[in-house]
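Listed after this line are the structures, all set down as structure tokens.
You will see chain A twice below: alongside chain B first, and alongside chain C after that.
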Partner chain A sequence: MDQRLEALLQTIQKVLPDVDGIIGLKVNAAGHIAPHLFRKEAPAELDGLAIWPKYPTPDTLRLIQKAHPGAKLGMVVRGCEERGVVEMFKHAQVDLSNISLIGLQCTREEAEFCRCAKPYTAHAKLTVGEPIEGVPDPVTEGFLAKTREERLEYWKEQLVRCIKCYGCRNVCPQCFCNVCALEDEKWVGTGWLPMPLPPMYHLVRSMHMTAKCVACRECEEVCPADIPMAIQYRLIAGDVKEMFGYETGVSMDEKPPQLLVLAEGEFERTGLPH
Partner chain B sequence: MEYKNVLTTCPFCGTGCGFFLQVLDGKIVGVLPDKKHPVSQGSLCVKGWNAHGFIYHEDRLKSPLIRRNGKLVEASWDEAIELVATRLGEIKAKHGPDSIALLASAKATNEENYLFQKFGRAVIGTNNIDHCARL
Partner chain C sequence: MPEPKIIGFLCNWCSYRGADTAGMARLKYPPNVKIVRVPCSGRVSPELVLRTFREGADGVMVLGCHIGDCHYSTGNHRAAKRMPVLKKVLEYSGIDPERLCVNWVSAAEGERFAKIITDFTETIRALPPLTEEMTWTKG
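Then we have the complex of A and B:
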């Protein structure tokens, strides 16, 4: 057994007696992996504990907590998943008071797959694996090397492939609004593919990901058209950091800028750097 | 408290995408694409993403309906199949087997569609067989 998996199993076994269940990943008999709630009543299920490919488990926590608000749970989180639950907590989507986070540090290979700047946890008291530094994001860097005209052409080429499956929205743990602008005919027309205005769907989504995206890249992974939409979210995250000093997942207390009311006073209009 | 994912094949078309049905306390609450599925490789179309929507839908038919005196009324499967077999037999006897056509479904499996065309050719005796994708 993989060393990290072995260590994770031991940590879970240590935590399991004190909680009602632990959210992790489990492999089924056919070798397919999905999120699962491990419980002490069924300890043999831990034989199927798995760690890769990752899944949007913050949403699993939200689902379970909606039905069992007071449940005492453990949860295996990678850096992005931890950022995910932290941001969902700030938006009142999950309650972290009864949750024990078990931090799973990503390997270099996993971080490179996700082009991840922060493949490590920051809040989990229990951790498994050695944290590594973030890795470069050659896709976003490649985009930044383009001229303005090239960027426009690039997005036109990418976005026209969208089949409007809503997968990026559905899979996103940070997409939890009861009313979704992407289902509003005013912004996103229905009945045609490609969409009458292909960029609209993705631009609306980018706006709504502002100060919310935790860079888990689940959206890109589920996209049947291989649209590298995380480029947009990552550049906007850079803007948010520059303009508001806010980074998702860093602090449990700091409110995201869209939940703050700005104090009255003089504000300098800086314009967007990109 | 129980949460698990059950692997299944999308029922909407013949592509055969794989996804998990998220099951919370015995109730299906959502769909998750299967990242290791050889066909869909972690992606789904809008139909697959909503494949769980009909399961508990109030409009879902849970038993066959037979039109009696202009009104659709619930019936047992035995009654429904009996009626269909009788009427098909009558139509075939009166107008010949080529008065009947069969429309197969991309929502059914290969095996079901095979049986369906076999039923058309060997039991009814017609080659009038087509499928919904050409509608």
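Then we have the complex of A and C:
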């Protein structure tokens, strides 16, 4: 058994007696991974505990809390999932007072797979595995080197494959709105493939990911057409950090920037005329 | 080359009055901008701007009160926060961010209004029609 999986299993068994259940990933008979609520009444289920491939669990926490508010839960989180939970907490989607986070540190291979800058947890009191430094993102860097015309061509090549399955939105740990702009005929029309340009679906989604994307790259992972939309979300996250000093999912009490008024000096950094 | 189509979202309290002031002073500026009066520049959502491009506009203007002068105190802060990000989204999508103009015009600034409209129309004139760029590559 994988050393990290074994250590995680031991930590879970330590936490399990004190909580109602633990959210983690379980492998089913067909070999697929899915989020699962491990309970002490069914200890045998822990045999199916899995850590890879990853799957975002913040939304699982949100749904369980909706049905069972106040449940005392443990939750296995990677760095990206922890950021997702923190961001959901700030948007009043989850309550963290009864949640104990179990941090699972990513390995170098996993971080390279995700092109992750922060493959480690920051808030979890219990952790499993050794935290490692972030890795560079050659795909996004390569994209940045392109001219405007090349970027347009690049996205045309990529987006012509989009079948608008909404998989990227459905898997996203930050897409929890009850009413989604992407389902509104006013903004995203239906009935065309490929969709008319400019690609409203992708542009609106990029805009809505501002200060929300936790860089988990799940949207790219689930995409049946392998469209690397995370490139845009990541670049925008960098701009938001520069303009508004906000880093998604890092601090528990720093407020997201879009809803607030301009702070001292922020207007100057937006680059708008006076 | 056909004349560029530009849609301008003007806030009711400052920029729209600024356009009136320009008119009353008989200032000349290009007729390309079709004006849509909105209650506040903060009303202009990114979706609205993007849809305007999709409907065939070559340029979109969002004009509001100067920061600090908003009729709703901080309505234009929303525009000042969202529009720079939208410009970045356009840039990363390969659409020239120059096609989106965000600026501030007070009710007294007729000349400033005429100048912003003239400059922006010139900027858009120098670019190819957006509909030409927004076609799928044959292949």
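Basically, the second predicted complex is superposed on the first by the 262 of 274 C-alpha atoms of A that agree within 3 Å, B and C clash if a C-alpha of one lies under 4 Å from a C-alpha of the other, contacts with A are read in each partner's own complex, and residues count from 1 in each chain.
Assume contacts are C-beta pairs under 8 Å (C-beta built on N, C-alpha and C of every residue); 3 or more make two chains touch, one makes a residue touch a chain.
For clarity, every value in this text was computed on a predicted model and none was experimentally measured.
Participant: More residues of chain A are touched by which chain, chain B or chain C?
Facilitator: More residues of chain A are touched by C.
Participant: On the A-aligned overlay, A:166 touches which partner chain: chain B = first, chain C = second, or both, or neither?
Facilitator: first
Participant: Quick one: classify A:34 as touching chain B (first), chain C (second), both or neither.
Facilitator: first
Participant: Mind working out whether A:243 is in touch with chain B, chain C, both or neither, as first, second, both or neither?
Facilitator: second
Participant: Taking the superposition as given, does A:197 touch the first partner, chain B, the second, chain C, both, or neither?
Facilitator: In the superposition, A:197 contacts chain C only.
Participant: In the overlaid three-chain picture, which partner chain does A:24 touch, first (chain B) or second (chain C), both, or neither?
Facilitator: neither
Participant: Touch check for A:207: first (chain B), second (chain C), both, or neither?
Facilitator: In the superposed model, A:207 contacts chain C only, not chain B.
Participant: Should A:152 be classified as contacting the first partner (chain B), the second (chain C), both, or neither?
Facilitator: Once the two structures are laid over each other on A, A:152 reaches chain C alone.
Participant: Tell me the contact category for A:181 with respect to chain B and chain C: first, second, both or neither.
Facilitator: In the superposition, A:181 touches chain C alone.
Participant: Could you please specify the touching residues of chain C with respect to chain A in the complex?
Facilitator: 46-47, 50-51, 53-54, 66-67, 74, 77-78, 80-86, 88-96, 102-104, 133-137
Participant: Under the stated contact criterion, what part of chain A meets chain B in this complex?
Facilitator: Going through chain A, the ones touching chain B are 20-21, 23, 26, 28, 30-37, 39, 53, 55-56, 60, 63-64, 67-68, 71, 163-167, 170-171, 221-224.
Participant: Mind pulling up the chain B residues that touch chain A in the complex?
Facilitator: Its residues touching chain A are 1-5, 7, 18, 20, 22, 24-25, 29-37, 42-46, 48-49.
Participant: Would you pull the chain A residues touching chain C in the complex into a rising list?
Facilitator: Listed in rising order, the residues are 143, 148-157, 160, 181, 186-187, 194, 196-200, 202-204, 206-207, 210, 231-232, 235-236, 239-240, 243-244, 257-258, 261-262, 267, 270-274.
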